[in-house]
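Taking it in order: structure first as C-alpha cells, then the write-up.
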Amino acid sequence: MRFTHDEMMTVATSRFIRDGWNTFIGTGLPMVAAYLAKATHATHATLMFESGILAPEPRTVARAVGDPRLQSTARRVSGMLDALLLLQGGHVDFGVLGGAQVDRYGNINSTAVGGEGYHRPATRLGGSGGANDIASTAGEFLIVVRHSRRTFVERVDHLTSPGFLDGPGAREAAGLRGRGPTGVVTDLGVFDFDPATKQMGVVSLHPGTTWDEVAAATGFELARPATLPTTKEPTARELDLLRTRIDPDGIYVKADRA
Amino acid sequence: MRFTHDEMMTVATSRFIRDGWNTFIGTGLPMVAAYLAKATHATHATLMFESGILAPEPRTVARAVGDPRLQSTARRVSGMLDALLLLQGGHVDFGVLGGAQVDRYGNINSTAVGGEGYHRPATRLGGSGGANDIASTAGEFLIVVRHSRRTFVERVDHLTSPGFLDGPGAREAAGLRGRGPTGVVTDLGVFDFDPATKQMGVVSLHPGTTWDEVAAATGFELARPATLPTTKEPTARELDLLRTRIDPDGIYVKADRA
Amino acid sequence: MSIAASGSKVVDLRTAVDSIRPGATLSFSGFGHFGHPLAFVRELLRAGTGDLTLHAIAECWPAELLTAAGRVRHVNLSNLMFEGLGRVRAICRAVENGWITTDDHSHLGLTLRLLAAGWGVPFLPIRSMAGSDLERIQSGEAPKFARLHSPFGDEEIGVVSALAPDVAIIHVAEADEQGNGIITGQISVVDAQIRAARRVIVTTERIVAAEEIVERNQLVTVPGILVDQVVHTPYGAYPGGMYGLYDEDLELMGEYYEASRTVPATAAYLQEWVFDLPDHDAYLNRIGSRRLAEAVVDPVHKLARGRGEW
Amino acid sequence: MSIAASGSKVVDLRTAVDSIRPGATLSFSGFGHFGHPLAFVRELLRAGTGDLTLHAIAECWPAELLTAAGRVRHVNLSNLMFEGLGRVRAICRAVENGWITTDDHSHLGLTLRLLAAGWGVPFLPIRSMAGSDLERIQSGEAPKFARLHSPFGDEEIGVVSALAPDVAIIHVAEADEQGNGIITGQISVVDAQIRAARRVIVTTERIVAAEEIVERNQLVTVPGILVDQVVHTPYGAYPGGMYGLYDEDLELMGEYYEASRTVPATAAYLQEWVFDLPDHDAYLNRIGSRRLAEAVVDPVHKLARGRGEW
C-alpha cells in the first residue's frame, strides 16, 4: 500500500502514545497522530491542550488549539494557567514538540536563528510558548520535525526547550523533573537517545530511506548502527482512518491523491 | 429612641465602613452592619466573603458565609483560594474581626485559651480561619467584641491574628502589608489605636456607659482621656432599617421588643 | 496517569473506603454545613480505619465525626467550628485532653500548602502568618512556615511548605464516569485539594453521561484526569446540604451538636446514626423519603420550602 | 478600592483609550484568533499612543498590529505567532532589525510572573525555564528568573519575578456595568492578567443587567472589583472571533497576513483598515452587516455556517 512521508510520520508518532496516557499536544500533525492513537492502540489516552481544553472529541480536525471544535466537545475547558500547572504538577505523561533546530541532545530552538544571536537574529521565530514547560516537566516528550541539515544542527542557536542539555546528568542538575526526549520522528526515520550518552541514535529508517540520505540531512555525527531496521509501515487500517475519518481533507497530513 | 447594646454595636460598626470600600466580612453582627452601611452612607461598598462570594444582595439575612442566599444573589461565586488571594493581592480595603481575647495592641486570639498553652489549652477554639489573613493583608480592620476582663487581656494566650504585635514598627518588621486595626467596637464603647504608641485608647463611650464600667471590664490599663465623648446614638432610620429590613427576626442583632 | 484510565472509574462506596489505609492523611470537601462527603465519612467510620491525619481547612463535619470516633491522630488545620452552632466539641475536647495534636494555619496558609504540593513546588510565598503564633508554633511533622530573602529586591517574604494529603475525598453534584465533576456554587478549597492529593475519590449526587458534562464544561471544577475513583452517593452530604439540590437538616445537625456535649452522648449518637446502620442506603431509609423530599430546594432561590425567604 | 466604585464604570471607547499613557506597559486578552480586544487596539492606533511595552503571552494580534505601526518599544513574551498562518512578521522584522527589544519566557513563566504581581508576592516558584536560554538570557528591565535554595529541604528551585502591566485590556462576551465579566470558553490567561494589572479595562460584546450576571455567577471570570472601565464594543474582537458568538474572518485576517510581507503593504493595510476609518462604528460599517451576520455561530456547535462540520 502506498503512503506519503506525512502519513509515515503521523503513524510513527502515534505509536509513541501509550494507552491511558495524558498527552499534551498542539495542533497539526501531532494532533492527528494523537487521534489516530486513540482510534487504534491508545483508546483511553486523554488529550490536553495548553489552552486549557481537556479530552475534546471533535467530529472534524481542529485548526488551532483554541478551535471552537475542541472547546465545544471537551470534557472540561479552563485556561492556560490551569493547563500548564497541571503539567508542572506531574499530571502529563507525554508531549510532542516541533522546532526549527534540534541538536544531538534533543535540545530545541523555536525562538531565533542566525544573525548576531538572540538580540538581533537573522530569523525571529514564535518563541517557546508552552514548549519549554513541556520539555521541562512532562513525563517524557517526542520531537517531530522534518529532517534537514538546517534543522539537525551541531548546536542550537537558542536553547528554547531543554533536551538533555549538554549530556548525562545535566537535566538533573538543572532540576528538571521530566525524563526528557525519548524519541525523534522525522520524514526519514525514527530516532532515540542513548541511555548512557544521551546522544541521538537511529531506531529505524522509514521504508525507502537510505543511511546516506539520513547522514547527509543531519548536521551532527550520527552513529551508524550495525543493523538498520526499517520502520514498520502504516497499516491499511491506520491509513484508512487517517484518510477517511481523522484528516480526510488532508489539512495537516498530505495523502498522495495522484 | 430606645435601642439595645446589639443595635449600638451594629450601628457603630457600620460607621467604620466607607463608601466604595471592598469589605471582607463573616456572618453575624458585622454582616448586618455591612448591609446597614450599604443602606445608608456606603451605597457602593462591595461585600466579599471568604467562601468566594462577591457582592451578594440577599433578601433576608444569611446564616453562614456559604449560605445559599448569598450564593444565589452574588455577582460572582468562586472559592476560598480565589477570595483570599484577592485579599492578599491588595483588593480588600476593610475587614471585621472578632475573637476570644484582644490585647492593648489589637492582637487577637481565636485559637486557644488557658491551660498549658497551645498544645494543651483549657479551651480550644476554632482557630484563625481567614482572620490572620485579613489582619495581615486587608487595608485595615475593625475589631468587634463584647467587653469583659476575660476578653480584654494584658497578653493574648495565642496570637492568632496580628494587631500591632508588640508595638510601633513591629508590623513593618514582620512584612505585614495592611495598616492593622484602626478601631474596636464593643458593647461599651468605641476605641482606636494611638498612632505613636499603637496602644488602644478611647474614642467614645456608648450612651449610658461610665468610665468605671469600661475600666473594670478591661484587663489592661486604658488611659482615661480628658474628655469622654458619647457615641452618636443610632438614628431612627438606622434602627428602622435594622428592625424592619435587614435583621427583622433579630437573628444576629437583638432588638428590645419589650 | 490515573490508575483507572482504562475505563470507568466507578466503584461502590465500600471499595472506595477500603482503599484508605490506617495512618493515611486525608482532606475532605465541604464548607459550613454544605458539600461534605458525609456518606463516605460514615462508611469510613464503619470500616474502623484509624490513626488518621487530617489537612482540614473547612471540613468541620468530617473532622469532627472522625475525631469523635477516636480515628484521628493529628490535624493540620486553619479553622474548625460549626457556623451558627458553635465549637466542634469532640475536636476541642480531644485537643484539651491531649488525645490529638494540631498544627494551626491561616486559611490562606494551609490552602497554599496544598496548592504548592499540587503545583509540584516545595513552597509558595505568602503575606500572612508572619509575626503571629501561626509562624512561631510549628507542631506538624514538617515545618510549615519560613522566611526567605527575595532574590529580586531587598525584601523578606514568608513561604509555606508543600503539604500533600494521601487522599482527597470530594463530594460533587454531578460527575461522569471518568470523574469530571461539577460543583454548583462556591467550590471551597476543592481546587487546591484535588491538585495536592496523591489520590482523589469523588463521591457524587448523580453520575451523568459525558454529554451532560460537555454541555457545561466551563463548570467542571474537578478534571477527571486527577480522579481515581467515582462513587455514586445520592444525598451524600446529608445531613449537610448541597447547594442547588438540598438544604442542610438543621434538626439532625443540631441533634449531633447537643450530643457532642458529653463523650457518652456522642458515642450514643454515633452508635445510632452510623454503627447501627449497615450502609448508606440504610441511613437514607432511616431518614425517610419524606424528610429527604422536604430538603429539596427551589431551583431558583436554592432554598427548601419552609426555610424562609431567600 | 476601584476608582469608579461610586457607580457605573461604563465609558466610551475613546475615553478608555485616552487613559493609556505613552510609555505604558500593557497586556491584552486573546488566544489564537479569538478574544483579542481589537476594536480597542484599532482605537489605540488611531490615538497615536506609542513607546509601549507589552507583556505578551498569547495576544498575537494586538502585539502584531501595535508593532506594525511602530508603537512598541519592548516585548516580554512567551509566544507570538499566527496559528494556522505563520509568523507575526511585523514583530519578527522589528526584532531582526533591532527596532524593538524582547525578553523571552515560557508560557508558564510569563503567566506566573503576572500571577505573582496579582498575588502581591515578589516571586513564584517554577519547574521550567531552568537550564535553557530562557534562564540565561535576561533582557528585560528587571531580572525574570533566579534560583533559590528551598528552606524546606535540600533542593534548588527556580523562581520568576513579579511583573505587573500598567493596564490589562480584556475583551469579554458579557459584563455588567461594574465590570463583572463572563468569557465563554477557555479564558486564556485573563485570570492572571486582571489580577496583575494596576488598571483593568473591560471591552464587552454586550453590557447586561446585573440579574443576567447573577444567574451565571459561577462563570464570571472577571470580578468587577478589579475593573476600572467598561466599554461596549460589539464585534470588538473582529476580524478575530468570540467563542460562542462569531467566528474569525479568515479572509480579512489573511489579508493582513499577506500585507505583512512588506513594510509598505503593512502600512497600506493599516491606513485602509484603521487610520482611514474614524472609529469602530465606521469599521463595522465597512465590514458590512451581511459579512458580520455570516460570522455568527451556531449556538450548539459554536461554528458559523459554511465553516464545515464541527
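We call the chains A, B, C and D, going by the order they appear; numbering starts again at 1 in every chain.
Note that contacts are C-beta pairs under 8 Å (C-beta built on N, C-alpha and C of every residue); 3 or more make two chains touch, one makes a residue touch a chain.
Because the structure is a prediction, the values reported are computed rather than measured.
Shared contacts of chain B and chain D, meaning chains that touch the two of them, come down to C. Counting C-beta pairs in contact, the pair that comes out ahead of the other among A-C and B-C is B-C. Centroids built from CA atoms put chain B at 58 Å from chain A.
Look at where the CA atoms of chain A average out and do the same for chain C: the two points lie 40 Å apart. Chain D has its Cα centroid 28 Å from the Cα centroid of chain A. Residues of chain C in contact with at least two other chains: 119-121, 126-127, 147, 155, 157, 185, 218. Residue positions 71-73, 77-78, 85, 88, 137, 177 of chain B are each in touch with at least two other chains.
Touching pairs of chains, sorted by label, consist of A-C, A-D, B-C, B-D, C-D. Chain contact summary for the complex, chain A toward chain D: residues 27, 50-53, 58-60, 63-69, 71-73, 77-81, 84-85, 87-88, 111-112, 115, 118-133, 135-137, 158-162, 165, 170-171, 173-177.
On the chain C side of its complex with chain D, the touching residues are 116, 119-127, 142-143, 146-148, 150-153, 155, 157, 159, 161-162, 184-185, 218-219. Interface residues of chain D facing chain A in the complex, by the touch rule stated above, are 31-34, 57-58, 77-81, 83-84, 87-88, 91-92, 95-96, 98, 101, 104-109, 111-112, 115, 126-134, 136-137, 139, 147, 155-158, 185-192, 241, 243-244, 247, 297, 300-303, 308-310. Listing the residues of chain B that touch chain D in their complex gives 19-22, 44, 46, 48, 54-55, 71-78, 85-86, 88-91, 93, 137, 177. Within the complex, the chain C residues that touch chain A are 1-2, 5-7, 118-121, 176, 178, 180, 195, 210, 213-214, 217-218, 220, 223-226.
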